[in-house]
Each structure stands twice: as C-alpha cells, then as structure tokens.
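Letters A, B, C and D name the chains as they come in the text, with residue numbers starting at 1 for each one.
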Amino acid sequence: MLKKSLIALATGLALSTAAFAQDKIDIVFIGKNTGNPYFDSLTKGFVEACEKIACNFEFVAPATAEATSQIPFIEAQIQRGVDVIAISPNSPDALNQVFDAARAKGIIVMTVNGDITGNESHRDLTILPTDFTKVGADQVEMVGSLIGYDGEIAILSATTEAPDQNFWIKGMSEAIKDPKYAKMKLVATVYGDDQPEKSTTEMEALLSNYPDLKGVIAPTTVGVAAAAQVVQSRGIADKVKVTGLGLPSEMRDFVKDGTVEAFQLWSPYNEGWLAAHLAVDLKAGKAKNEVGSTFEVPNLGTITINEGNSINTQSSLTTFNAENIDQFDF
Amino acid sequence: MNIVRSILVRRETGIAVMIVLLCLAVGLYKPQFLTLNQLRVILLLVPLIMIVAMGQMLVLVARHVDLSVGSMLGLSAMLAGMMFRDMPYIPWPVGFVVAIGAGALLGLLNGALVTVFKLPAIIVTLGTLNLYRGLTFIVSDARQVDRQFVPSALKSMSQTSPIFGIPWIIFMALGIVLLAWWFTRHTIVGRQIFALGSNPSAAELRGVKVNQITLLVFTISGALSGLAGIMYASRWGFVNPSNTGAGFEFQVIAAVVIGGVSINGGVGTVPGVMLGVLLLGCVAAALPLLGIPGTAQGAIYGAIILVALLIDRSVRQQGIASLKMVRA
Amino acid sequence: MSTTGAPTTPAAAMHEAAPARPVWHVALVRPETMTLVLLIVAIIVASYLSPYFLDIGYILRSFTLSAEFALVALVLTMVIIAGEIDLSPASNMALSACLFAWAQASGIPMPIAIAIGLLAGLAMGALNAFMVIALQLPSIIVTIGTLTLYRGLAQIIAGDKSIRVPDWFIGIDKVMVLGIPVPVVIFIVAALVLGLILAGTIFGRQIYQIGTNEVAARYAGIRTRRIKLTLFLLIGLVSAVAGMMTASRLGSVRYDLGLGGELQMVLMAMLGGTYIFGGRGTILGTFLAAWLLVVVSTGMTVANLLPAIQLTVLGVLLIVAIIATNFIYSRTQR
Amino acid sequence: MSDSDVPLISARGISKSFAGVSVLRDVDLDLNKGEIHALLGENGAGKSTFAKILAGVHRPTRGTLSLNGQSVEIPNPLAAQRLGITLIHQEPISFPDLSVAENLVLGRGEDGWFNRVPWAEMTREARRQMDQLGVAIDVTRPMRGLSIADQQMVEIGRALASDSRLIIMDEPTAPLTPREVETLFGIARRLRDEGRTIIFISHRLEEVRALCDRVTIFRDGNKISTDPIDSLNDADIIRLMIGRPLKEYMHKHNASIGEVALEVEGLTLPGRFQDISFKVRRGEIVGLGGLVGAGRTEVACAIFGIQPAERGVVRVNGAPVDIRQPHDAIAHGLAFVPEDRAVSGIFRTLSVEQNITAAVPGKIAPRGFIRRAIEKLLAADSVKKLRIRLASVRQPIGELSGGNQQKAILARWLLADPNILILDEPTRGIDIGVKAEFYDIIGELAEQGRAILLISSELPELLALCDRILVMAEGRLTAEIPRAEATQEKVMQAAVPRIQQQAAA
C-alpha cells in the first residue's frame, strides 16, 4: 500500500515536472529592426511578464527594417517550433505567405504595435497600444490647446505609405472639421521618411514655406525629435509649437528646456506585458481568441478582444509634459 | 586673357556656376530659398559630408576608394556615445579622442588589408562596410545612445558659438577644408599622393613610399569619419547602431566625384570637392521646398554619380588621346 | 670572347619551361576545395549550434529565400570572370519587379506585364553595358551609380507602398518538384546549364580569355565587346527573372525588394573562388558558395544569434575569401 | 684626396637573370669621371639591364658595384638618386596630372612628409633649368599633353636639377628634333666638362661618334669590349655587336613571289600615320623599319582592325575589304603577331593548348561545344612542328620561356592558316638560338606562298630576311628599298626624319 502510493507519488512528481516543463510556452518577439529604442521598452514588458508566468521569451530582429528582412527569422522560429510569434511587421503584405506557414504549424501569430492592414486574415490577432481611431482627434486637440486654437498647422509624418500614420492623419483631417477648430487650418502634410536628416530638411522647408505656421504635429518618434531640434536651433519655440508622438527618452531634454511643452504616446511596456499574458492564457485555454471575449491581465484589468481580433492596451494616449516626464523610464 | 580662360575652364568654376544657377532657379520659384535662413539650413546640412568627403577625396586621388566611411562613422560615434552614457565621469571632450582614434584605427585596418594583401580597395571596404556595421551592433548590444546621454555642450556645438552665433560645426568643417587644402597643396606628402595616383609605377621608381601613403590616406579617411561620427552625435543628439552613417558612402562619393575628383586617381582639388558638397546640400535643401518627394532623392544621387562620371570621362579623353599619341 | 651566349646550354634548357604539376595538385589545390570544406564545417557547426538546423526540408526552404540572389550570382560569376563587375542586379530586381507589378496593377494583361518587367531588366543591363563598353568607364563605379539610380527609380515608381500581384502568381516557392521548391530547382538547372556553357563552349572559353587578358583576346580575334554585352544583357535579364521570382514568393512588390542583395551576390562569387581581377572561377564554386552562405546565415538565425553577428561574419567571410583565393592562385601560378 | 683617377663607378662580375633566364653575365666595367660613355648592342644585348642596375631599378643577381672606390648597394631608385645617379628612361616616366615643375623635383628624396612644398622656389628653379636647356615650356602647366620630346627635356632637366654625378640616358634622342639633339649634346658636353659622367645608350652610330669618348659593346648579355671611340670604325662596331658575319647568322629563303596579297592605299589615322601605301605579294617578305614611335605598329594595328584607320583602302587579294575589328581581319586570312607578347599576346594563366587554339574557335568547337580531343590534337601538332619546349600542353603558358611563348603565339596564327602574316618585332626578348629558329620558320612560311609583313627594329634582321624594306618616320613612309640596295645606312637615313629632310632640302 505504502509502496504503491510511493510509486504513485513518484510518477505523479515526474508527471507534474514534465507537465510543468510543457506548460512553459515559447514566445518570440520579432522587432522591426535592431537598435530601435522603441522596442527596448516593449521587450522589457515581455521579459518581466515571463519572469512571473510560464513562458520563455526571446527577442530577435533583422538588421534593417526592410520589407522582407523578417522572413528568415519567422522561418527559423517555425523550425524551432515556438508556440507564439509576436511581431511588429515591416510590411503589410510581404509576410502573408510565411504567416500562413506558421499558423499551419499551430503557432499563434500576433502582430504587436502595428497591424498588417488589409491582410488581417493572415494573422491571429493584433495588439495595438491604443485605439487608433482616436489618435488623430487627440493630437489635433493637443496642438489646438498649445496654439490657442488659432493658426496654421502642419503635419510631419514618417513615410508616405506608413499605414498607421496615414490612418491617424485621416483622423486628424476629420477632427479638424469640428467647429471648435474653425480658426485652425491644416496647410501641409510632409514626409521625413523616419530619417533625422530628411525630417529636418522637411521641417526647415515647412518653416520657410509657411512663415505663419503656429503648430506642427509629428506623429512619429523620429519626426517629432527632428522637428523639436529645428525649432530649438532656430530659437522659435514660442512661435511654433511642436507636438506629436514621441519617446520620453528622446524628448526629455526638449521638454525640460521648453522647446516642447507636451507630446503624447502610450506605454510600449504594457504592449509586451499584455502580449505575454495573452499568449500564455490562449495556450492554456484560459482565454479565447474570439471577438467580444475577455480576459484578465494583472495591472491592466479586464481586456476585451475587439472587432477584427484587435486589442488595445490603453484606451487613450498618455500626455507627457514637464511635470510628469521624469516618472517614465523609457 | 589667359588667366580668364584658365579660370573659365576650371572644374570649380563649372560647379560654382551650377550652384548659382540652381539657387537662382529655385529662388525664382520660391523666393524664400534665397534667404539667410536658408543659407543656414544648407550650411548645417553639409558639415558631416564635407568632413568625410575630404578624406574620401584623398583616397580617390590615390586610386582607391573607401566604401566603409558610413560604417566607420557609425562605429566611432557609437564608441564615443557609449563613453558618454556609461562613463559620464570622463570629461566629454575625450569623446573626440575616442571617435577620431577609433576611426583612424578602422581606416588603418582598411589600408593594411589593401597594402599587405594587395586587394582591391573597393572589395575590402565593401567587406569592412558590413564588418564595422556588425561590430557597431555588437559593441552597443544593438541599443541606441539616447539624447539625454549626449553632453549638452557637445550638442550646442551644432547650434551656436560666440562668433555671430554661427554654430561651431560649420567652423569645424571649414577648418577641415582649409587643413585639407593646405595638406594637398603645400606638403610634400600631399603632393606625393597626387603623384602616386597619377602614375603608381613611376611613383615607386621615384621613391614615393607607396605603401605608407596608402596606409595614410585610409587612416585619414577613417579619422575624419570618426570626427564626423562625434559631430553626428552633436548634430542629431543621439547615436543609433543601424541608422547612424548608413548609406553615407553614396552621398560622399557623389559629392566628391561631382567635385571633379577623378576615379582614375591623380586629379582633384579641395575647392572642387567643397563646391561639390555644397551643390549636393543645395539640392537636398531645395527638394522639400519645391515639394518634390524625398523618394526621388536616391535616383537623383545615382544620376549625379553617372553624370559626373561622364564629365570626368570627356575631360579625361582629351588627355588620354594626347598620351596615346606619344606612346604605342 | 669565347663565352658568347651559346643559346641552349643544358642549364638554359631547364629554364625553357617549368615542370608540370602533379594531377592531385591541380585537382585539389583550388578555391572550390576550400569552399567545399567550409561548407562541411559550416553544416557541422550549425548542427551543433542548434538542434533544429539539420532538416533538409528546412534548409531547402531557407535556400528559397536566397535562391534569387544565388541565381543572379551564377551570372555575376561569369561577368567577374570576364573582368567586369555588376553591383546593380539587386536594384535591377527591384525596378523590374516594380515595373511589372505596376503594369499589371494598372490593368495591363499579365503576359505583357511580365514582358515589360523582363525588357526593363534587359534595358538596365544594356545601360550598364553602354557605359562600360562604349564609354569605357570602369564597371565598378558605373554600377555603383546605377545601383543607386535603379533603386531610386523603383522608389519613384512605387513610392513606398507595396503593390500586390494576382493570387495565381503567388507562391512559386511553395510549388515542389520531387520535393524540392521550384526556385531551388531553377537555381540547380541554371547552374548546370551555365556551368556547361562556361566550361564547355567557345563562348565560355572566351569569357576566361577576355578576363585573363582583354587586349590579347582582342588581338586573337575574339569579339570582346559582343561577349561583354551578352553578359551584361544576360545578367540584366536574369535579374529581372529573379525579381519576378521574389515577387511571386512575397506576393507583393516594394521598392526595397532585394535591398543589399549585391553584397550577397558578390560574396557568393568570391567565396566560390572567383578571382576578383577576372580570368578565374567556376560555376561549381559559386554553386557551393551559395549553399555555404545559406547554411551560415540560416544556422545563425535558427540559433537566434544577433543579426549583428551575421553582418560581421559576412564581412569577415568576404575579406577572408578574397585573401584565400588570391593566395591559392598565387601558389598555383608561377 | 685627389681621386680623379679612381673610376666613378666600378662594376665587377655583374650578373642578372629574370626567372632563371640569364640576361647579363659577369660584366666588369669602369666608368671614369668626366667621360661620356656609350653602351652599344642589339636589342636584348643587356645594355639597358646594366643601366637599370646602376639606377637601382633592378638588383644584380651577382656582382659588386663601387662608387669612388667604395663598395655600394643600390637597392632602389631612391638610393641611386641619393648617390647622384639618375636614369632618364627610354619612355619618359612622368606624372601627367602634376605640373612640369613638380615633375622636375619629385623623387629627389625630400625628407619629411609634412615639410612645406616650396612652390615659388620650385617654379623659379624649374624655369632656370628649362632656360638652360633652351626649351620654352610653361613649368606651371600639367605634364599631360606635353609632346614626348618636351617630356624628354623635362626628364633631362630633372637629372640636371638633382645635381647628379652619373646621368644615364637610354636612347634619349629618338623623339628629338636635330636642333634639340644639338642642344642636348651641348648640355651633355658641358656636364662632362664639369666632371660628371654620362652613359649614353643609342643605336645611332653617328651620334655615338659625335658625342662619346669611350664605347662599350654588349652582346647576348656579355660585355664584349670597351674601347675609345676613335679606335673603332663603324664596321668594327657592327661586327662586335653582331658577333659573326651576317650571312652565317641568317639565311635567305628562296620562295617564288606571286600576286599581290595585301595592298594598302592612302591609309591615314590623324596623329598616328599619314598616307601609307604599299603592297605585299605572296611569298614575299616585306620589312617595315623605322625608329620606335615612327608609327609602324599603328599601321599594323590599323590593317588588322585593332584601331582602324580613318581614311584609306585595304585590299586583300585585289578586293577592297572593310576591317573594323580583328575578327574581320582573320576572316580575310590575315594574322598578326603583336609586339608586346605579355600585353597583347598570351593568356598568362591559361593552358598552352588554350593559347594555341584561341584564334580558331571554329576548328575546336564545330558546334559551339569544345571537342577536347581535337583541341589536344591541334595543340600537340603545333608543339611538334614549331618545336615548342614544354612539360605539358595543359600547363599555364606563363610557365614557359619567352621564346616558347612566342612560338605558341605563332602557332596560334598558323592554325588559322593565314595568307597574310604581319609580324611585329617577333624576335624581341628571345634567346639567340630560338631567334635563328624563328628566321627559319619565317622563311618557310614565305616559301609556302604566304605574304609576310615584318616589323623590326633590328636592322640586320631586316636586311637578311626581307625582299623589300619599307621605312617609316614620323608616321610617313619615307623609303622603299629593294633587297639588293639595302644597307644599314640607307635604312637608318630614311628612318631619321630630320636627316631626310635636310638631305631633301
């Protein structure tokens, strides 16, 4: 009797350790490219989540953010047999084939921080940092409050075809029709291709071409820093207000010296944190990838899967200014 | 009469005329192009290219080419940036020593591979272009050095100076130009670089130390890339392992070749290269003003390189014809 | 003056010609041997680095990702043997694929769109050839210029959006012949055909002769310009084909298709023992080197090594390959 | 220390071989201070090699040099320069992109890389040098575009500027006008009177006689004799240079001369040659003589389509032909063995058989695919016929000696079975024994009814082999001399343009 129970215990132990090992799922996050500071914070979310829950995490990324450069990395993850691929896609459509191959192997493919717009059927779900439909309006309100709702404004964007930025810009041009902004005029939208040099020359050209410009929205981290630098170097911070989406780590100096009063973003950390929890819950069957279903994430509360299998980590943008910027460490 | 003629046929005159015509044409359409502010924009746009172009010119004159300048710029900027971030107790001017020293070492390695193994520079530097970029990722652990870590004193060098508020970086580029001019015109070794590029076998016969000079030009190119690297940190306020200096080689080579430096070696002047860089700067500043999308820029650089090659060829051809006549 | 040079003293006769090298020396002391050895070493190291590596299906799948470059590298080998170089094929791939995709997206029937793409590839080869052959400009600088130009034009045509291709055109890499993906099959067949041409025909023979000594080739009645023109046109055309293969694999076309591919192509040729100054090299060498490169990069990727290490390894490989090739050739030639 | 009796340079047992081929054997020679010393000999006799050893361009395989009685090493040209030895090259070496003044001073061994370039002083000195030489060259202009005579003057100026003790002039007068030659001689005499030593290498006996004090004759890499110039007459010198009577040395073929195979009329390429007309018949060997740079090679290249002429007609077997490239020429039955074997003849790293079959792709690859068996057969056959000495037809041609390489190139063209054969300096740089073989072969080829145009700078070769000798000077045909009337003097006279002009005037 005793002997039997001992054996049972032993096998039970063995089984449970084996089960435990199996429970630890493998998550890999594929960034747009290495050396992109944005992903440092996002990756941190993954890492810290996986210290608490049952997952192994790895971060890989190609050297350049070119459309096809992520393909070999996805192929390699398929070969390694990971459970979940989280990815910030470099192309809205070049990855379709390899996503399909991954999903055929039972791997969950989730896009993080950006979606493959128009090809949503090739991924399982997407985690977006905020409700993208509200970004445009928020940004217009932000610049409006900075310039007293009066004057010419312009947009300095990333590339001409950047899907997220274009979606937000559409939102901005819709929002500005509100009577509240009647005295504001959107005079130009230019593209700095997310390169500091090009963004700078485009910003300089904006200032030359529109001498009465009052505000600039740069909904891209490279653009907003470049625009701020131009304003700082020309010493016209009181005349032209720069705002947009920026990383606190890159904007801190500009906020402190008064070049930029306020700008917005969300928490990349929370994207990683949420993605890791969701991945584990999905694999464990605790959550279902269905529109309308909900699940719990520590610190973030109850999260709902929205239309198009998309999830937002926060409902609206966080605004950073001189008072709060030192509370953020990314 | 003769002096007028000789000025007229000079390459520098041609580029200067092109710059003036370009500015006038753009100015007619967009008067704001012809303002002091725009001059400031252009002058702030070119210093990095200017500094690296002076080194590239020496390499080309010596009948080589250095494709790795962008990667050397990136790696030396990264080393200086990491020093700023991880060792804030070291006085920031030491960053110049680090960046220039690192660049010089990398350039020396290029030169050593070219001279010791007798390899074509274009292949060697194509290899080190990737090698140095990879090393940048490795040393930085693929992390950017953020704006807050770059000393503000360094950053302010790109914004102002006590002299009419003209940023230091412009004076620095001008200083390098003057130094390069003095070096190429007035030092023995400067002239020997031209002799080497003009006729390598004759240079050897005349006792020119070909290997040492080859090492020297690559080292200078590396050192100047290093200087441009730390000035990148000053100008843009951050150092990124993948972006900093990427693709720089094409701009630099385009500027140098359009400035009249022959890819066959032996020919080139510092004023010509300076004007070539300025012309490129004018083009880069004019494009957004005219509303031409940035996507056209690659094609424009490519076309500029090819046109400069054709000009170089037609200038050379007369010379070659006269040489062939006496040879054979 | 009795010492007046008697012409053929025994000592002099010995200097008439160096003795021939033994057969094993000729057969084994060549760069292709180095490539093969490196390939075997790479496979062993990669299997050691990651247990997931050694799977023929995976290696073949990974090869399809480089198959387009490898295909062009075969022709590039011939161009380099002829004493020229072409750095523009990767940009050519992008521009011809963009033109093709743009044409079919604007309603032009597929066959004509394909023809437009291929003709564009030929035209780009012809422009390179014109500048190199007719204007006598150095090919390395010319093609650095066209490398920038062609990609720039692709960017002007396509902006930075991607253009989709029809569904039936997608997925060439998923079609298998005898369990081998079609791009790999195309590469192997092309290697066989080009290998035969280079080693067994007068055309191939004359490519070596031009690369060894262009002046002598001209004096011997070899139509050097025509052969070089053929090679530049061929690499233009093959680049266009490679561009379309890439389009089929990705399902869409963007201006940055094949970005940076020129390095991989040059690397394949160099690693295969093609002599950078022309006159030496084989298709076999490039064939082996293509596999070597795929094994190296796949091995590192599947082991989740930093891509930075890959860049470094590629750069080092390139330099080591030329040094080794130069060394081997200097040993086999007195 | 009055050491005017000690020779400036004493060479003892100087030997030199290149890749195992000995080109200079045990040369002993003393050069005195204040003398102009002529080095004479046929092409390849070793005189230029000896001069280059003195100038540090080559290092001797064996032997010692002493300067002023003290043993010296001259490892490189710079060392020679420092010892006061300057070599003026046959073809001036210059830096086309640098100014004349810079060309004058460069290589003087300036110390200190970062020393200032003394532009003003340099220009002044350069002007002075050019004035001394009596030439009007703007010293601030670039070298590119200067005539070869002016370049030569700059070279001479350089030797003067560097204050050399020993100045070696390797055929300096070839491109000069008579007035320039006179100026040069005047300068040379003045330098001698200042106590300097000059080595003068020339083919022109009258110049040697006019200028030099002593003469040393080289033949086949050996020093034959050193004598005061006055103790030798021209016949002696030629005998010493050639070594044995001409008739023994070469023999005349006895081919029957047939119809005109190649006819050239009014061939002109501006800047190279003007209005060249001549005929070559079947079975005839026509020589084309003249000085280096007279335009002979250019005419041959034009006929063969390498650089076609702008005006004029070429007829093959009576019919005008349009030859735009060598391929066309071969199709019309022409063949051309070029002058510079290494540059335009051999494929150095490729096998001997590939080299031999290079011009007849149709024969080895009837359908485009190479038939190895045929190729090997053809190559082996040629090797046997021309007695090419090698280890294997598969070995790289670069491993063969110069003479055997040249035979392989000839074999290449014989495989094409040409009716018209143009040979440009076919025996240059070839051992004397192999030379004789070549002469036999050329004779045989004529006997087979082929038309042969032989370009040669070696007068005895032309005189012995040719049925007619055409002479070119400065791009024009200046004489056509039948075999019976041909002498060295006549050919030489036609070859030196100014003498010709003066005679005509």
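We take it that a contact is a pair of C-beta atoms (placed from the backbone, for glycine too) under 8 Å apart; a residue touches a chain by one contact, two chains touch by 3 or more.
All figures in this text were calculated on a predicted structure; none of them were measured in a lab.
Undergrad: Would you mind naming the chains that touch subunit B and likewise touch subunit D?
TA: The shared contacts of subunit B and subunit D, listed by label, come to C.
Undergrad: Can you check which chain pair, A-C or B-C, has more C-beta pairs in contact?
TA: Between B-C and A-C, contacts are more numerous in B-C.
Undergrad: Counting only C-alpha atoms to place each centre, which chain is farthest from subunit A?
TA: Of all chains, D has its centre farthest from that of subunit A.
Undergrad: Please report how many Å separate the Cα centroid of subunit A from that of subunit C, as a whole number.
TA: One centre to the other, that is 39 Å.
Undergrad: Between subunit A and subunit D, what is the gap in Å from one C-alpha centre to the other?
TA: For subunit A versus subunit D, the centre distance works out to 76 Å.
Undergrad: At what distance in angstrom does the C-alpha mean of subunit C lie from that of subunit B?
TA: 31
Undergrad: So, what's the distance in Å between the C-alpha centres of subunit B and subunit A?
TA: 37
Undergrad: Name the residues of subunit A that each touch 2 or more other chains.
TA: 34, 61, 63-64, 160, 193
Undergrad: Listing for subunit B: what residues touch at least two other chains?
TA: Only 133, 137, 142, 241, 293, 295, 297 qualify.
Undergrad: Quick one: which chain pairs are touching?
TA: Every pair of chains meeting the touch criterion: A-B, A-C, B-C, B-D, C-D.
Undergrad: State the interface residues of subunit B toward subunit A in the complex, per the touch definition above.
TA: Contact set of subunit B toward subunit A: 30, 32-33, 35, 37-38, 41, 44-45, 133, 137, 140, 142-144, 146-148, 152, 158-159, 236-238, 240-243, 284-285, 287-289, 293-295, 297.
Undergrad: Please give the residue numbers of subunit D that touch subunit B in the complex, ascending.
TA: Touch residues, subunit D against subunit B: 57, 76-78, 81, 91, 93-98, 102, 106-107, 109-110, 112-117, 119, 144-145, 147-148, 151, 175, 271-272, 293, 297-298.
Undergrad: Please give the residue numbers of subunit C that touch subunit D in the complex, ascending.
TA: For this pair, the touching residues of subunit C are 1, 3-8, 12-21, 26, 200-203, 205-206, 208-209, 212-213, 215-223, 279-280, 329, 333-334.
Undergrad: Where on subunit B is subunit D touching in the complex?
TA: 185-192, 194-195, 197-199, 201-203, 205-208, 266-267, 318-319, 321-323, 325-328
Undergrad: For the complex, give me every residue of subunit D touching subunit C.
TA: These residues of subunit D touch subunit C: 19-22, 25-26, 219-222, 224-225, 243, 304, 306, 325-327, 329-330, 336, 338, 343-350, 354, 358-359, 361, 364-365, 368-370, 389-392, 394-396, 398-401, 403-404, 412, 431-434, 436.
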